[in-house]
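There are structures below to look over.
The following pair of complexes shares a single chain, chain A, combined with chain B in the former and chain C in the latter.
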Partner chain A sequence: MASQAWSSRINWAGLSVCALMLLVWEASVRLKFIAFEFFPAPSSILSGAVRLAREGILLEDLSHTLLSIAMGWTIAMVIGVSIGLLLGFSPVARKFGLASVEVLRPMPGIAFAPLGLLLFGFSLQTELVVTVLPAIWPVMINTMGGIANVHPRLTDVGRTLRLSPTEIVRHLLLPAALPSIVVGARISLGLALVMAIVAEIVGNPAGLGYGIVREQQAMNPDLMFAYIAVVGVLGIILNAGVLALTTALWPASSRVAA
Partner chain B sequence: MKVLAEPDFVFECRSASVTLPLNGGARPIISDINLDVREAEFLSIVGPSGTGKTTLVRMLGGLLRPTAGEVRVKGEILNGPPEGVVIVFQDYANALLQWRTVAANVAFGIERKLSSKECAARVSAALDLVGLSKRADDYPWQLSGGMQQRVQIARALALRPAVMLMDEPFAALDAMTKAGLQDELLRLRDQTQTSFVFITHDIEEAVYLGDRVAVLKGSPGRIDEIVRVELPSPRDQISTRQMPEFLAYRYGLHKAIGHG
Partner chain C sequence: MSRRFSKFSFLAQSLSQLPSPLGLLPLIVILVGWQMLQTGNSPYFPPPSTWWAGVVQSATAGKLLPACTASLQTIVVGLLLAIGAGAVVGILIGISPRAARAVGPLLEFFRAMPPPAIVPLAILFLGYDERMKLTIVAVSAMWPILLNTASAVERIHPILLDVATAFHLSLSERIRLIVIPSVMPSILLGIRIALPLCIVLTLLVEMLTSIEGIGALMIAAQRNFQSGQVYGLLVLVGLFGFLINTVFSIVQAVILRRWPPRDIQV
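Moving on to the complex of A and B:
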């Protein structure tokens, strides 16, 4: 039953289009329809990835990038959720703080890379500066909106059932805002991945992002594409992981037909 | 009709008024409300929109303080939501906890006060009363509107309240669901001896359900008239509604509200 449900959830039609594209790509390179020496066939990208994995360097780069995403995302979550809760619960905080949020939010995080380099040199800290700053906003804004948009009726319900104000926050407002906070957390995670790769390309010479640059400079397009593919797969896995975790922890927050 | 030797009042309102701040000014919403609610009584309050029906229910439920006059619950001056009094809201979808199952919603008002065993017993009793035992593990969004409103009623019943305040609870439901739930309420009153204060804009519903019907009228809203309904119990959707007396009450209340 379970495996049947699992296989029926896979979008076979969509996947077959992806497979077809890979096939056309492979054929075009082999039949020399694409005569561009830095554009390898999918098969040589795959064998390049296997080679990197065998040498152990892929795992090393992957763990560095994962560590930097995990740290950056965690810091962004802590800051974003706390300030988001403050802004969500307190109209006074919104009145005084929202303008600053709107001024700071559009600033591209990568613009702070030179500052990070000045402060921390080519290091993980620089990477974190670039990763954390942009990743704060989605989870902060969604947390604030989630709290502020809880229907006032839920507070009425809490009061008529004689809950204390703290119980109302804990048992009604936070759970009601949770789906919105989770959405923000997912967007932040995606951003943390992107920014970690960017930081590794322009700043810290380590991880998957640096791997792309290193293999580009070494004129190994198959290895360069292998790194790009790994970054793509990592994005898919991280997003699916957060979704699966959310569904496991709070089944009701994912409203798929049961 | 029940005859009460010495009526025990659960609610006593003495010239109670509520004035709310609106657009910088203060707008009186309800004014000079004198109203008693007796034990195990079904009191309907009927009135056109804009007469402060919801404000009245929120005041009785302790969500709003009277700005003048006083409200007593079992002799005590009302000060915040009183024990044994619970409001059932019109908008059931907003009032239910969408992330909890039906059973967990019903448990919400009692789970912090009772042992888990006692809580489970009360939840299943309340779900039995509203006929939702089979849907205990579903989520609210998997139920029809009528069922969701029954979940809210069950959540209120699980508290074993002395008074249920209902703010147009069936306004969003279709006629057939509504008729079924009306009969359920009357049955619940007989089984549990709970007092009901039932707000509606539907005159026929007010007469069908009520032992008494209070008419709220004007702006600010005042209790214009209280009619005692002397119809035989148990009431029946078909025969009660075509009794000449039912039609006479209906006619009288339409007149009192100012129709025709």
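Moving on to the complex of A and C:
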């Protein structure tokens, strides 16, 4: 009974479209409909991925990318949440700081790649510079907005119940702002993935991003496609996994507009 | 007359919503302090005065203006292509729930794929040229617009469609009176997400391939260890991003006044 409900939740139409596309792709390469030397068939991409995995390179690159995403995201969260809390709680900080944030925020993270290269060369530090800076903004803005948009009535309730200001912050304001902060953290994580790949393409010769460039320059299209597919799957897993996790832990966060 | 006045007052109103200019103080203090405390010419942390000198040097060499124009052109044209393709395909997918379900997983894959990953692919297939740069920007910026449009079309309230049937509206009237006003806010949201992506990808491609643009100038400055120029161009790119964002905010406000978000309560 339960398995029936489960099977009806699977999007069979969608999966068959994917399968059909892969089949057409495979067939048109095999039958030479696509007479293009750089266009590998899905089967050779798969065997390329298996080869990379057997040699252990894929795991090494994957763990490098995951590690730098984790490091970059953690640093960005610490900076973003603390500045966001400051801006959210203190109107003075908002008055004397918000415009600076608004000026710095549209700065594209990739623009810091040459600066990182200048300061640190081709290294993990450069990758972190490019990953951390853009990932700070979503969590900072959402933390600030989450705190500043708590309904004033909630503070009044706290006062009526004779809670001290620290208790109001701990038991009323922070829990009320949490869903918005969680959404900011999720957006930051997505950005950290994108920027880590960017940094590995231009700034740090390691990880999945460098794998794509390396195989492109070595004219190994099957291995290049294998890396791209791994990056895509990683994106899906991070997106869906984090969304499911946060919705399970903080159901209210799914109602916050991103 | 009154209409013109209302347009003006609405711009003034959106200006008044900007944060206080006093908020620029921390930035100014940091920059002035940096300039004052600087002793000697550090190759890594040059004082802000040399940033300006670096940018001027690049401008007088006649490189800056063509690079800015090239980058801006790629961003704008790429975005326009993405809006056109994303909106049309999004509406088509959104109209049919079956089509939406059938291509759903495929779209999810492309949405989750970090756009920079396709840059080496495009270089391999299209070679080092302007067309490749434009393709990358347009294709990557298309997804957020497409997905937002499709979900907006799916969310059009059935009553609106019943109204269209009751009034015997033609297809073009349906699109003009019902579909476009309903999806406009979502298309704008998609563009808002796509905009920073366009800038990042343009700069990335320019840095990677040295095709003319600001990104290529930045990486050249870094390779020649012209640190003042690296910082100066960084500020310039920041202004660039700020400018594009501001222009879009104004355009968005004007469009949202024409087609305000619909919220039907039943």
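Simple rule for what comes next: the second predicted complex is superposed on the first by the 227 of 258 C-alpha atoms of A that agree within 3 Å, B and C clash if a C-alpha of one lies under 4 Å from a C-alpha of the other, contacts with A are read in each partner's own complex, and residues count from 1 in each chain.
Criterion: contacts are C-beta pairs under 8 Å (C-beta built on N, C-alpha and C of every residue); 3 or more make two chains touch, one makes a residue touch a chain.
Only a predicted model underlies this, so the values are computations on that prediction, with no experimental measurement involved.
More residues of chain A are in touch with C than with the other of chain B and chain C. Contacts of A:96 after superposition on the shared chain: chain C is touched, whereas chain B is not. When the shared chain is aligned, chain B comes close enough to touch A:172, but chain C does not. Of the two partner chains, chain C is the only one touched by A:228; chain B is not.
Once the two complexes are overlaid on the shared chain, A:183 sits clear of chain B and of chain C alike. Within chain A, no residue touches chain B in one complex and chain C in the other. Residues 18-27, 44, 98, 101-106, 108-110, 112-121, 123-125, 196, 199-200, 203-204, 207-208, 215, 218-219, 221-222, 225, 227, 230-231, 233-234, 237-238, 241-242, 244-245 of chain C touch chain A in their complex.
Those residues of chain B lying in contact with chain A across their complex are 58, 61-63, 80-81, 83, 85-87, 89, 91, 94-95, 97-101, 108-109, 112, 139, 141-142, 155, 159.
By the touch criterion given at the top, residues 151, 153-154, 156-157, 159-163, 167, 171-172, 175-176, 178, 250, 252-253, 255, 258 of chain A touch chain B in their complex. Touching chain C in their complex are the following residues of chain A: 11, 13-18, 21, 38, 94-104, 106-115, 117-119, 193-194, 197-198, 201-202, 208-209, 212-213, 215-216, 221, 224-225, 227-228, 231-232, 235-236, 238-240.
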